[in-house]
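The next block holds one structure in the form of structure tokens; read it before the comments.
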């Protein structure tokens, strides 16, 4: 049985996945993007273990939101599928999810340090630090590990959709970044920006930071792009 | 109503904008270049939110210097347009302005440290450190924020055109680099060099610097490229 | 006299060698990959000193496992050939070997520090730190130097094939990484991952690490890709 | 008057110059390679201020060794021409010279630290640290500055051709790397390797180095590529 998804979703998910290696966020086959169709109750995700250069639209896998069953496609879905599903179930605003092992964001995850807000590049997109989650427990690793990887993010954000909207990224401790957004494309953009601000933050920290950025500057940048008074970046 | 600009200006501004991603200075749509036609009283700038790969000469926006009104083009100008306009109004020698969020220059802006003169690569172009501006006040952020982003640079340079000529770049605190030059192309070259010297400076500082470069060496490099005795780099 | 090898091996070895510069692991002609045919008692390896852009399948050299004699090809084999041969003789599970001078892995080799396990990116492939070998002695350098470069790895691993399977990489002190795997392609993938985890580890260490990753997380990642319960990455 | 040079020299010099941006050693028009024809008493060098993408074989300039006069070509030679000439006059073994502002080598020049020998990647090419020169004096900067930039290298090496052969590179203090070799192509390779070993050394030093590499290992690597017992890298 194959569930149909809304027109354009599969192409958007394919394009977002193919962008991962183009922008330098992937090593080998690492990284995956999905996009959801809430009306159909499914999401579309990259298959497991297929090299980006071989990936076609027919390889994408459709997964049912309610129980994780494959309902479209001839390949196995990404091993991280259950993490994506957990995020979709917890946060109604999320339309797309991206996971990468991008170098600088993973470094923060491994050092178990939040990516701090050091300037407007960060504040344009994230209304606060990008947090590192607590550890998964031994029990969470033993059973339903991939689902629990999402669970540790959801629990940390207290299942608060508004928090997920304001900072659409988290670093799973000793693992790496998961980002999300209103669409698959937006979740990928957040992955790109998460990596860029991690890179800049590492250099900034190596120079030493003695004064935090003024809060009114950060607030200005976040609100000019987000919320009712946004005026930035619209053609 | 559309104001005509001098032949070649729009192509030069397009080319400079398209060079930004080619030389690795941009993430997503970040970064913009403008060029001025002082006789016509306008400048030409990148539109807001258009990906570089889609940008054509017809997308460029013409803006009036005196009041910031759009007088050519069918799109909204870059959100940073008012910052460009402020710099053109303050410094008569400026023919082009570039803004990026390039990694290493932003790191200095976020650490609120000037990019120091550590060698001839810097002194070939900049006759002194690339300064970080003071903070914008809460008032400057609340109203006319983008214009005030230029204002804080202009005030820091005491509206002195000669200082703007000698060091054609500044880092807005916790934000990033703005560079300028006699033409749009020159302002872009200064953005490229600003990022290169920031990158080298970060590595140099990590090795430790105990002795400053001899002033006669720096002076020699600046004066062989600039001023009445220049002899460098002309074909 | 030319020894025939199994179909596909030469193409696989060529492709793996050509991938080295594409993924940024090589400067000039540095780096080489080989693949073994144990039934024929030979391995196929890159010739010495041929630039990657000129390398064709006919340039590959076939070498006898038992004594290192060239038994196919018209060029000299890579100078590192004896190191490859030593590894094949010691570890029956090894089907391919890769050597590079990739930047971050060599930095660990030069600092004589193991690449520590700091997260799941590492644990997905390597079931423990990537070790630095002891020094070669003056005697080992004076005679059969290249063979002894393999010997120092083999001795360090106590000629234990299982250890070679669990951590398919080693850093020769003050030299650089050697990696191996079930096939030439796998050995190359391990070289790519070794460099990626070294890069991330350098950034992680610069941020400071106070808490090691939980062992149950690392074990989960290793076992979901390796051993009887593996379920990751298979299409 | 135009002096003819030996067949192939101009093409070799063109190719070496065009390789500079391809391997990431150049920003804008920075960097230049020359090659000498000692029989004709001239060398061929890149013109001043021509972008690499526009450079053709007809743009190259021929300069007389004895007095620096242009004896071929319609453009001005590189501003660094006199530095090249000084090196050719001092060291009879030198057939080509390369100058770049490559990031990591310049960082060492600016920190006024030799690039230390930390492993075999360095020892394969350079039989000792790559030294930083003393400062140019105010007098050396005031007159014949570019020639004196070569002079400070030559003086530091005590005009000893054998030293120039064993370590074919130097960092001019607060400026950057000059490299040389038997041919233009070889001088460029040494520039590529100088930058690679500087990059690796920076990372190595950030990890901390407590034990120097064993001298017998370094000697083995240098002598297997250089001198009467060389056996490495010849096809």
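Of note:
As written, the chains take the letters A, B, C and D, and residue 1 is the first residue of each chain.
As a working rule, a residue touches a chain if its C-beta (ideal position, glycine included) is under 8 Å from a C-beta of that chain, and two chains touch if they have at least 3 such contacts.
None of the values given here were measured: they were computed from a predicted structure.
Counting only chains that touch, the fewest steps needed to get from chain A to chain D is 2. Chain C and chain D have Cα centroids lying 33 Å from one another. Note on chain placement: the centre of chain B and the centre of chain C lie 46 Å apart, centres being C-alpha means. Of all residues in chain B, those touching 2 or more other chains are 206, listed in ascending order.
Chain-to-chain contact here is organised cyclically: the chains close a single ring, every chain touching exactly two others.
Within the complex formed with chain A, the chain C residues making contact are 118-121, 189, 192-193, 196, 199-201, 203-204, 206-211, 213-214, 216-217, 219-220, 224, 231-235. Against chain A, in their complex, chain B makes its touches with residues 27-30, 47-50, 75-76, 79, 101, 103-104, 106-113, 135-138, 141-142, 145, 173-176, 202, 205-206.
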